[in-house]
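What follows is a set of structures to go through.
Okay, so subunit A shows up in both of these, paired with subunit B first and subunit C after.
Moving on to the complex of A and B:
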């Protein structure tokens, strides 16, 4: 304290000399006490004044400024605490601490990446089974090649077969049972209800639109051993739950299963309304994509695949 | 005041109202106004502005500041406090805008009720809060500029002027200040308790990412201990800003590394770290740093807020806003794998 104010010893001496003889001892003691109190108050004035008159927060932070030995220990404790907080926080983060927000970001980013990856494919083959009654189903075989040619072979449960080609704005439909074939512009063609169940996997673009626009993200589960991930969506159109299995190495869907809304809840059986399996970026014979002679060949392939399934 | 100047004043007021009405009409007639309306953020900003003002100023000081803004003259010290009030309110609106934006952004990210299109739309809309914050800040800066100019033009008083007067002690937290804190916490709670498809308080779980909160808190404590001057609050805002910035940068680097390693988990964790660090630092500045420095400036211990504090109040939210836009880009940019 003396170092802060070097003139004080002289003042002390002056007071001592003045008070030495002229005052009675009682008064001298009282004055001395007053003087000591005055010096204390000067020593704690200025910045430290807040400690006495400040609010809770000011008092809290004034502790940091008080340079007495006792508080120096508190400063050490606080310094240690701050280092501990930084190290502990950093370690928690680097060890992959779980976060609900990180899960949501992951889900969102994964869906965006899948939709983007699907759009960049050169070809797609997809087999779709739509159950119709016990052990019976309609089957679809979809082939798509970039930049936008699609062929869909359909076989109903009663054996009725149709093939549809879409190339740009032209749609060609071949009925193998009646041996007929007709082409029309897509804009003038009424939507064929037969092909409605496969609209989501009609082309990679349609699939990407469904992932990013129609299906709502719900849950994600990872099968670490097989490098696969399963996404659960809810179709905003019909409320069906959609389960999509994705290859985490390529970010491409391998299978999609659509379930009836609210089925599988409260112990009820899950009712599948559509099942699709995908094969990506594999070469497809160009003649299959041209309407005409190849129609029967494609349908025969579908039939053999169907027999394999059974 | 002469009758001529009163008439002139009235005309000026009418002209201002007309200009404002024309601007609003133009916005409505443009047909795009619906995209720029985000009522929740606006309510948060307005109530948050009142709460943060109450944390630093008393009701009488606020009343006087409004009177000064309306043209009533006062003494030099009162004018100084009024000028400080308007600057603080403008600063708070700016920081609240970024805070509300960060919160809305996190809620949009965490909410799984929509599809990708609706989520990205909500993320983009959350940035509107900053826009509102800037507009409100500019509105509040106008009386500050006016009062500062008048304060400079007034001759200094012979004795007891604010520059030469001995510093007054910082008064304890008044009842008004405490009400301000409670009001702010209530507003925050209502924002975080937004009823979603997710369970209640889910938004609190999304924003409170413990690792980043610990790093920001620990870093701020360490800086305050090193620099000192904590009682006046001048180092607290700066410390929060520095640690928030460091945390966000760390997260951003991690996100870029995650991108190059095609690890979506890494990118997701990094984005969480960035957002949570920005949020913690902004909240610390708003709740602790800024009110303490305001009260310190009011007590005359500093003539105005320090340069470093100003830098942290204006630069850090701007950086946080830029980082949020970058985060948005990081989220919507797909990670592609060559087939």
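Moving on to the complex of A and C:
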């Protein structure tokens, strides 16, 4: 074969000659039946439009041609059924019974709303009290500032104090009594059991994960006068019940109370595992968030503030 | 045509807009069929056949094209050149069929891809050569980018004017000219190994 490029007229000519209009008659007949089918489909579709748009009363008692199954259904039967369903729906609505599905969708929506508001905050202050026997408790003060620095001050029931900073992947722990401080990468440091009870309040992100994932919302009550809402969750991890009070203006949690599973049932006393109070989007002194000498100064500042509160 | 009338009404003002939508919904689809599709039924069949060249594939391609047309009937009615759009849909379906054919016959022998004429008939060798070249041309078309293939087929095979092709493809006339030119160049490259003699023979 010669290696010559066909020129432009040759290509056009070649196409016209090769791809010529020689449709076989038998194929043409078969293809025409497809057009007939299309015309029929369009006709049926047009009839449906006419029924939707007007002449409903005229056609209400005529016979409906069911397109997909070709079954004949009396239109008056359909009309009666529709009226019955509308009346039934109205009656259900007026009776005030909510469907379980609607309720669960509502509760899910609420959880997601709170979690999303929590994630958008710029700072968080949280005081957590963990009961440790009669009238005794350990206290935690958690401070978090965006984008992701956390300081946790722990005070045990016997007065021991520890402070922990979490910044990115680095964790620094200062023991104020022993005057020691050590830092390590989070991945290499074993989790200190002292701080485990407040894991859910480490940061807004952690709290949001608990609200929208680990905690399952079971009940919601609205305190209309105070514009507060009380949400009852069940912790899927340990079965504890978590009661959260939320400011309905901002959709941010104000307080959380965690109770021992099954406590408070059948007249028994509710046993509190921990209580947390939140304060959102308030300025936090930057020196408090830095480990080191400034941290010690910060701790002293906190202590004096605590004494003033008392 | 109710759809085009609706488009014009839409330009008149926002107040008429809702009436227009209602009018559009009420429009008789049967009329649309009679006005838009019925006059070009034959062209639709032929344009698919000219590209696909195989009976069963042509039927499938037409089926695909008609189902698209049925789904997009309202959109087609509002198009500035509905019939060009319908032809474009047909050619698109034909190109799809060609590509499918190319994929399925990748590992097949060329003799299976084309219909061999009866070797005992007169001029069998010439007919065979023509069929081979036809298969090569179809393969070349299936290797073009989609828009280029459509522009080339509408221009060279269907002899449509550039402005009509531009309306069908939803681009400017200049773009269509460029696409056709690029398509021709690419086809020349793809078919360059065919001998001039055999091409001339086919062209006779």
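Observations
Note that the second predicted complex is superposed on the first by the 190 of 310 C-alpha atoms of A that agree within 3 Å, B and C clash if a C-alpha of one lies under 4 Å from a C-alpha of the other, contacts with A are read in each partner's own complex, and residues count from 1 in each chain.
Going forward, contacts are C-beta pairs under 8 Å (C-beta built on N, C-alpha and C of every residue); 3 or more make two chains touch, one makes a residue touch a chain.
Here the structure is a predicted model, which means the values were calculated and not measured.
After overlaying the two complexes on the shared chain, residue contacts for A:75 are found with subunit B alone; subunit C is out of touch. Once the two complexes are overlaid on the shared chain, A:214 sits against subunit B while remaining clear of subunit C. In the superposed model, A:34 makes contact with subunit C only, not with subunit B. Residue contacts after overlaying the shared chain place A:12 against subunit C, while subunit B stays out of touching range.
Judged by the number of subunit A residues each one touches, B leads among subunit B and subunit C.
In the superposition on chain A, contact of A:107 is made with subunit B only, not with subunit C.
On subunit A, the patch touched by subunit B and the patch touched by subunit C overlap at residues 49-50, 52-54.
Residues of subunit A touching subunit B in their complex: 47, 49-50, 52-58, 61-62, 64-65, 75, 78-79, 81-90, 92-93, 96-97, 99-113, 115-117, 120-122, 211-218, 236, 249-251, 280-281.
The touching residues of subunit C, when paired with subunit A in their complex, are 22, 25-30, 32-33, 37, 41, 45-46, 49-51, 53, 55, 58-59, 62-63, 66, 69-70, 73, 130, 133-134, 137, 156-157, 184, 187-189, 191-199, 202-203. Subunit A contributes residues 1-8, 10-24, 27-28, 30-32, 34-35, 37-39, 41-43, 45-46, 49-50, 52-54 to its touches with subunit C in the complex.
The touching residues of subunit B, counted against subunit A in their complex, run 106, 109-117, 119, 169-173, 177, 202, 205-207, 209-215, 217-219, 221-222, 224-225, 228-233, 236, 264-265, 267-269, 271-273, 275-276, 288, 292, 331-337, 339.
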